[in-house]
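Going in written order, the chains are labelled A, B, C and D, and every chain counts its residues from 1.
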């Protein structure tokens, strides 16, 4: 039974808290949030203790692992403090928006050979996972092209954009990680961005739609389409193409019901609204994987390095978009 | 080049006329309709001669084959006269609504060893045809169950129902033939009918919805669902189930376009409106098969006997519906 | 927090035990099985107490509700004893194989106005449930036809068949209940059975494939196709057809991955193997509904009467199959 | 009745010849090919006259229109001569591989205000056409992103590549035209190419896979994925995404048959092998549109200018691929 401290009790933190509680091999011991009432609510709901500080949570004798679901700018500090008190860490993406701070964090903890896992939930989605396993098993031969579609249902609130790090670092970071998960190391990045949706995003200096093309060291080409708005829900698809054919992982529909009538055939309902519903199974599998790593000492499927590399691709895309040049990565 | 006489220049007759005209191995020589202007229009449009009588059409020296697309009550007479003047015959279903008249017709022509083909167009639908070939090739092993769905888009006009022979003989006749095409001889029939759609049909003494279950000599069970109305178009599907799995032939959609938006995903357009659009390819293939039979002397896929057997199943279904008993066929 | 006693700790009992344990409003207090080790294992795994007898379990002060997952022949006795000790009861289907025993059971408990829910899990499947709600909301107008497909992946073990009550009472019972859930009371039943799959089933006097047609009091026609074997997994589908169109609830696929390559396009994996995987969500929703009924006093969606009526339809189907006559229900 | 001369009687020329022959408003008058027997075969098969020279064909009194299906390097000369003898012209794409020659051709004929239509067959595909009409009708609001998938079943023969103009000018030219058809004028092009499939293509100095991203003047982003090999057939899809949702045009399957069995569900057959089968309906509709333009004087949907613009995008893609820079078009 692994005891957890949870940092961050907002929407996604609460979901993780419930998953920890429901896991037969985990116990939610303590939770902390800069907003006390958020932590108090989680604590009361799930029978955990509400810590008054990070230190108090880390000092709890039954806490062996830390789940970091607080705001991005707190991640590197919390990772470092957790590792330095001997905890295993599962941290929501991204590590940080600044690669220098990411590297400094790693410098500070590398010597401790820590178990740090990044919350790249999509690696644990049953369909994406199956696609990747079948690719690895050679079902379609050598990988040649990947097309990743990733569209959020609605733009983030205006206040969020400014501190988000921008579409590439905030939203596409998952897609950059997925590119690496499927195609391996990336050596070249081209990106084009656009403002098509929300003037507030443009005013904040960010884009709201993008298309990226990348080349992997293997030679494979990868495309990512992003949009900050999608009328039919959260659009998350992968298509992998190889010498022997294609594997597609499609969107999930809430039910299997089709409606046929005047003016329509085969119509299904809109997709799940957003990540908490869409990736419910993935979040549970992610936690399960982390607990298995803690128990066995195995390296997690998405470690600290994956967090750094995804950020590096986001930075390269930003550079390419601004310069109009393909960016080559050493 | 096979010369054709066409009897009946209504909607379906005009379609057959165009198909004959477009076929590289066929020529539309003469056409006749009790309504003179209908025949005149076809003749003018396609460069054929308008016959003033059946005899005139049959006497034309270039006429080798006859296409009968006139009203059902004329079929047996036209078949007999065509055969007796040495023509090959392709006749729209059904042969007749009365099995005694069907048998008398055959008595009159059997000695001539005629080439008579019945227009069971669905046997020539590329998808149903592929399903049947794959079944015959053993793709799913021994056939165990068949489910046939057959729904017309809208009820026929009131005047039509009274002389139609009723749902089983008029509409389901195609499904009875399909049952035999896929499962072989039928030995037992159960049927349940209902009046759910059109009070005019009930007033005319007919049903407008039905469900039939049959047993084949092979042991396979066959289900047919019929309705005289279908909001999303002409619903025509087959499902065949065997020891090794299932083959399904689905509806055809006019385009491959899917619409995704507020309140819908994967929505496609309604199906083709009715048989002329839905079975356009099938009607061409049916004609092509008939021409090949004329040229080679091969027996057609659907001969006179198929017309008789389908009618016999329709009669058995009517008997079962009225008696509430399963009807066993010798 | 509702305290449960569980009777029957076999495969399905263990699944229910885990669902009770995971439910935030339920507690697994005691469990009992005629095979002691089965109960001991569940008790140890989930921190419940292992009862040495039914009486001991029912006497436990924290037990308010009983989950009956033991063999069918124990159901009526356990229902009666549980109700007589004031418990709410959730019982796996069927109530019993003999309608006289079912009625006797009800006679014995009716005066106590018990809360007895039957485990017709399919009523709680998210897709079937959505189909039914949308039907009730009028999405396709008046219901005219229903087609229910229900095929088990593999025949039951030989020993099971003899005591199962036969295909209609054991397997199709779910489909009879679904027919009533969607179309309301049934007034006429026709059935045809066949032996196509397993000689052992025939030797045991049972059939292994069936097709049923029924008429509802509303006039709607309902078809059920059953098979004891299905090469591609557990085939569970519903199609409801009305004046305004059609609603279909399709099979669930384990992932959304499609494979395209030499000789195939759009190929997906086989379906879930059987009911525990296929109806995992449904079993959780069923338990949740029962707990809500216990807490609020509301009548369950599937009460004792639903168990009796489904059995009555199964008996009528058997009668029709044997007599070759449509059976009318008063 | 429009009389046609056909130049080029190879595989695609023969298909066009049959379509002209079958069209009720067209007549194949004369045909010519540098390989005499090819022209002789078409002439004999369809009752046309075999011309011994281009001039002879153009001089035929019943020839009003010319269909150019000969090799690319003959196009500009044949367009000019046909226009100068007063014919309407339907020419297979591309106009030429060299934009200077394209412009010189136009210079020579512009003053004659010719009717020259380019054979961009995909604009006439019923599904792509419907997608575009529905886009134009506002079904998904303002267009934001387009994803075009275009994969040939197998690499061209080695000899073909050297004179083909390369993947962008030879194969992707259709996709560049489709981009303009859907998104309007293009102002920026990024491209990445790769050699993943056929060493012979690399040896010939060409690529065999590519990913392109473009920006339209409207702001919309467009992605194209190309491959010279596709194990499951000719992969041709379009996805258009806008403020109100998404329209997808999917691949066409030869039949609607799905196979379900051990190890597979929903499996369909491979796609049509290549363009002649895949775009059979489109080629007929293209011819029909051309004939309507000849009859009415309307401007064709794809005129000479469309041929030039598609080539210009191909050239820009090549430039971007080589320079690693986004190419801006004036």
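By definition in this document, a contact is a pair of C-beta atoms (placed from the backbone, for glycine too) under 8 Å apart; a residue touches a chain by one contact, two chains touch by 3 or more.
No experiment lies behind these values; they were computed from the predicted model shown.
With steps allowed only between chains in touch, the distance from subunit A over to subunit C comes to 1.
Chain centre most remote from that of subunit C: D (centre = mean of CA atoms).
Each chain gets a centre from the mean of its Cα atoms; for subunit B and subunit C, those two points are 42 Å apart. One simple way to say how far apart two chains are is to compare their mean CA positions; for subunit A and subunit B this gives 57 Å. Counting partner chains per residue, subunit D has residues 140, 231-232, 244-246, 251, 258, 260-262, 264 touching two or more of them. Of all the residues in subunit D, the ones that touch subunit B in their complex are 22, 126-127, 130-131, 134, 139-140, 244-252, 254-262, 264.
Residues 140, 142, 144-145, 147, 149, 151, 188, 190, 192, 194-197, 209-213, 215, 219-221, 223, 225, 227, 229-232, 235, 241, 243-246, 324-326 of subunit C are the ones that touch subunit B when the two sit in their complex. Here subunit B touches subunit A in the complex through residues 231-233, 251, 253, 258, 260-271, going by the rule given at the top.
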